[in-house]
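Have a look at the structure below before the remarks.
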Amino acid sequence: MIDKTIPSFDDAVEDIHDNAVIHFGGFVSPWNSPSYLVSALARQGAKNLTAISTSMGRGPDQAHLQTPWLPEHLTPTDFWDVGLLAKLGRIKKGIASFAVGHRHDLVYPFEERLSRGEVELELIGQGSLAERIRCARAGIPAFYTPVGPDTSVAEGKEVRYFNGKPHILETALHADYALIRAYQADRFGNLIYKGARTFNATMAGAATITIAEVDEIVPLGSLQPEHIHTPGAYVQRIIQRPKNPTLSWEESS
Amino acid sequence: MIDKTIPSFDDAVEDIHDNAVIHFGGFVSPWNSPSYLVSALARQGAKNLTAISTSMGRGPDQAHLQTPWLPEHLTPTDFWDVGLLAKLGRIKKGIASFAVGHRHDLVYPFEERLSRGEVELELIGQGSLAERIRCARAGIPAFYTPVGPDTSVAEGKEVRYFNGKPHILETALHADYALIRAYQADRFGNLIYKGARTFNATMAGAATITIAEVDEIVPLGSLQPEHIHTPGAYVQRIIQRPKNPTLSWEESS
Amino acid sequence: MNEPERLTREIMAMIVTRDLFDGAIVNLGVGLPLECANFLSRDKEILLHSELGLLGFGPVVNDYRKADPYLTMVGGVPVTAHPGMSFMSHDESFALIRGGHIDVAVLGGLQVDQEGNLANTQLIGKPAGNLGGAQDLAYGAKKTVVLMYHTTSRKEKKILERCTLPLTTPRCVNRIVTDVAVIDVENQGLVLREVATGWNAEMVQSITGANLIIDPELKEIEL
Amino acid sequence: MNEPERLTREIMAMIVTRDLFDGAIVNLGVGLPLECANFLSRDKEILLHSELGLLGFGPVVNDYRKADPYLTMVGGVPVTAHPGMSFMSHDESFALIRGGHIDVAVLGGLQVDQEGNLANTQLIGKPAGNLGGAQDLAYGAKKTVVLMYHTTSRKEKKILERCTLPLTTPRCVNRIVTDVAVIDVENQGLVLREVATGWNAEMVQSITGANLIIDPELKEIEL
């Protein structure tokens, strides 16, 4: 019998080792961030991580600032992102399209460490980041893209002309673990997302172990085959978010 | 106001020109083949076509053989595939993974012409075919794949090593038109498929003009945003199949 | 000589939306370009796209108590549901962009030059920039419109012979809409098409760092 | 000497399904491999995949009056719905294959050689072959099992030192299951693991075109 359900978030991330390469899904919102997986990884302590994420995150102190536009009852306290791990000094390298706060008064943990030379950064546009991750899922080691020639992202990369236009060679970004967020799952690991599917659906299957944090695990057969966004073949572990939010990332759930 | 609905199949394919490159969707079944678009194109008469299709088709005489396992009431007479166009001598070149009948007693129209040297064939595995078409949709001109080195499909293609393994360079397959089949559409061109989505969902958006033949056009707003498989941005024309099947490909609908 | 009044951000946005065609698929960058969402013509169906995998959404939510947290565009801005809306993954969203399926991208700009090069990602005093999806949008959209103030808050010129900041995307800008003018990037250079009320070609040229070719049919901006 | 009885196609299929692990994702080629679908253990959950974009479907439909025309696997064979089933596009289906997410591919074979090279696409007397999805499956699956008769209907050998037919995929086969033996492809060559009742290593070697290494624990095939 297939049952990919994991009993606790601590169990879900238990085997993540130092120096692991990790995909962090979502797009900087409490409703698409794998917050409980991030907080469990923070407690677990693995370090020297390479984080692949669209944004290097805001961290625990500023995460709530992400949603100042929402009324209080829609502003969850249980929102943690890769910035928490940067704050704790667990990140060695980031591969991202957003690395710093977009205003001068917003200085995030990864940015602080970057200024001090404590972390490495590979800045890449969002489209190439998404495609490089999708290639890892699809077994494609490299592709040529028309996006990036004559800009900073082209540095050190092969340039080749197709249809008279310059293209750069981009390589797949595979990870050891993908931490993603979905709305519903069944025990086979089939996933359904609510709203924009962001990097969660892109990263599912692009890592050796994909772990999905979901709002709800539903009985097998509840998800209509046509509606499944990510087939279970891409997902190794699923875990349901707690019904009552935990107040601090240090608290197990 | 956006309304991509076309009044007749003849109108839908009216502008397809001689020497056009065309994606033919589906996977050799009456329930996923764009049969009425194929028959309209047969009537329209465009020739010297390059056909990109997983199979070069069975043609009008043998199309019904595809479903010998089905009881009569489930064996539709209105099933036409690219083989009809091959039979009529409209195809100049095929790019496909199935080019001939799989038994000696099954000789299809494209195969007959191939034996006589009247048509050109580029035989390619199904995975590389699908990915090359997806790349056209995604604006990627070329990619490296581990599938194919040291086989016939590698002939004339660049070989390059990644992770110590040989890969071949495959290029995008863009078309002038994609003729595809879906289950439901709204006037924006959003599509939903029933069952396996086959090459229909792969080809949508991989051509300058994507034309979708659908079982039903539903009012805008009927399709739940999470359930839409192909966003309307990939589709230029939609047309609903007739309620009563036509009996011959020569009959307009 | 006192400078004539410049256009408000609302009027700037309206210039952009004025030119959108019915059925256009449009991506609005964060900041100033997002203002366009508030001035879409009701006579036209414009489909807005957002990078995180959202196409055809409705206006930005004004009453945040009514916000659906699962329905936000880039920047975390809540938007409304709209008939015909669809969701997708990030990779598909950028397939849509890179593959040329977006009609118009409206982006902010720090600098644009006469070759249509765009610089809009540098963050002064920061250890790195933020690229976001700007490179893909500027490359992939059939038409790229830069919506920006004509000069910086320190009166520095932003339209130049050659960008001095790191490029986001080379040779991508088709039109520049500012608080004083509408300028098209053509093969022969920057063509001044329209000026704000009270402005003339000379005055626009004086705050522009590249030579402007004056359209013989130069007009005052009208909405 | 009369040859001992060979195994039926049903028994051959059961040898393959015997070895599938609970939770395995398996793709069955058309023809003989498809027979495996009828002998999946009820004690294990095996997810069947089909190239056209179908994962986790149920048994092949026997009563065609009950067939759902929208639910067919490759070859147009009608199958049944199953809880946990999902559908996808052709490109995603092959991302799944090429990306290494299929545990076992069971393919037919015309020839297999001692390096694990596979030839299974040539069609004698035809102007071209059919590649289908075999190249991707043979490459992408974590384990590739070839299920075929040990010799052709004309008694020609099919397990060879080197394939003479055009290769489908080089160095891809892990195990060969035939109507007389189970043979693994190892670094050192072909290892004979199991033989059918009444057969011994010598007899299998006599109809095999490559040297067989005899497993010291050679067994009679049991299900």
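The first chain written gets the first letter, and so on, giving A, B, C and D; residue counts start at 1 in each chain.
Following the convention adopted for this analysis, contacts are C-beta pairs under 8 Å (C-beta built on N, C-alpha and C of every residue); 3 or more make two chains touch, one makes a residue touch a chain.
In this text the structure is predicted, and so the values were computed from the model without any measurement.
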item	value
Touching both chain B and chain D (chains)	A
Chain A-chain B separation of Cα centroids, rounded to whole Å	35
Distance from chain D to chain C - Cα centre to Cα centre, in angstrom	56
Sites on chain D at which at least two other chains make contact	87-88, 94-95, 97-98, 140
Chain B, residues touching no fewer than two other chains	131, 134, 138-140, 145-146, 193-195, 226, 229
Touch relationships between chains, expressed as pairs	A-B, A-C, A-D, B-C, B-D
In the complex with chain D, residue positions of chain B that touch it	27-32, 54, 66-67, 69-71, 74, 97-102, 104, 111, 114-115, 121, 123-128, 130-131, 133-134, 145-153, 193-202, 229
Touching residues (chain side chain C, partner chain A) in the complex	50-54, 64-65, 67-72, 74, 76-78, 87-91, 93-95, 97-98, 123, 125-136, 139-140, 166-170
Partner chain B, residues of chain A touching it in the complex	131, 135, 138-146, 162-163, 167, 171, 192-195, 226-227, 229
Contacting residues of chain B [partner chain C, same complex]	1-2, 134, 136-140, 186-188, 190, 205, 220-221, 223, 225-226, 228, 231-234
Partner chain B, residues of chain C touching it in the complex	22-23, 25, 45, 47, 49, 55-56, 81, 83-88, 94-102, 140
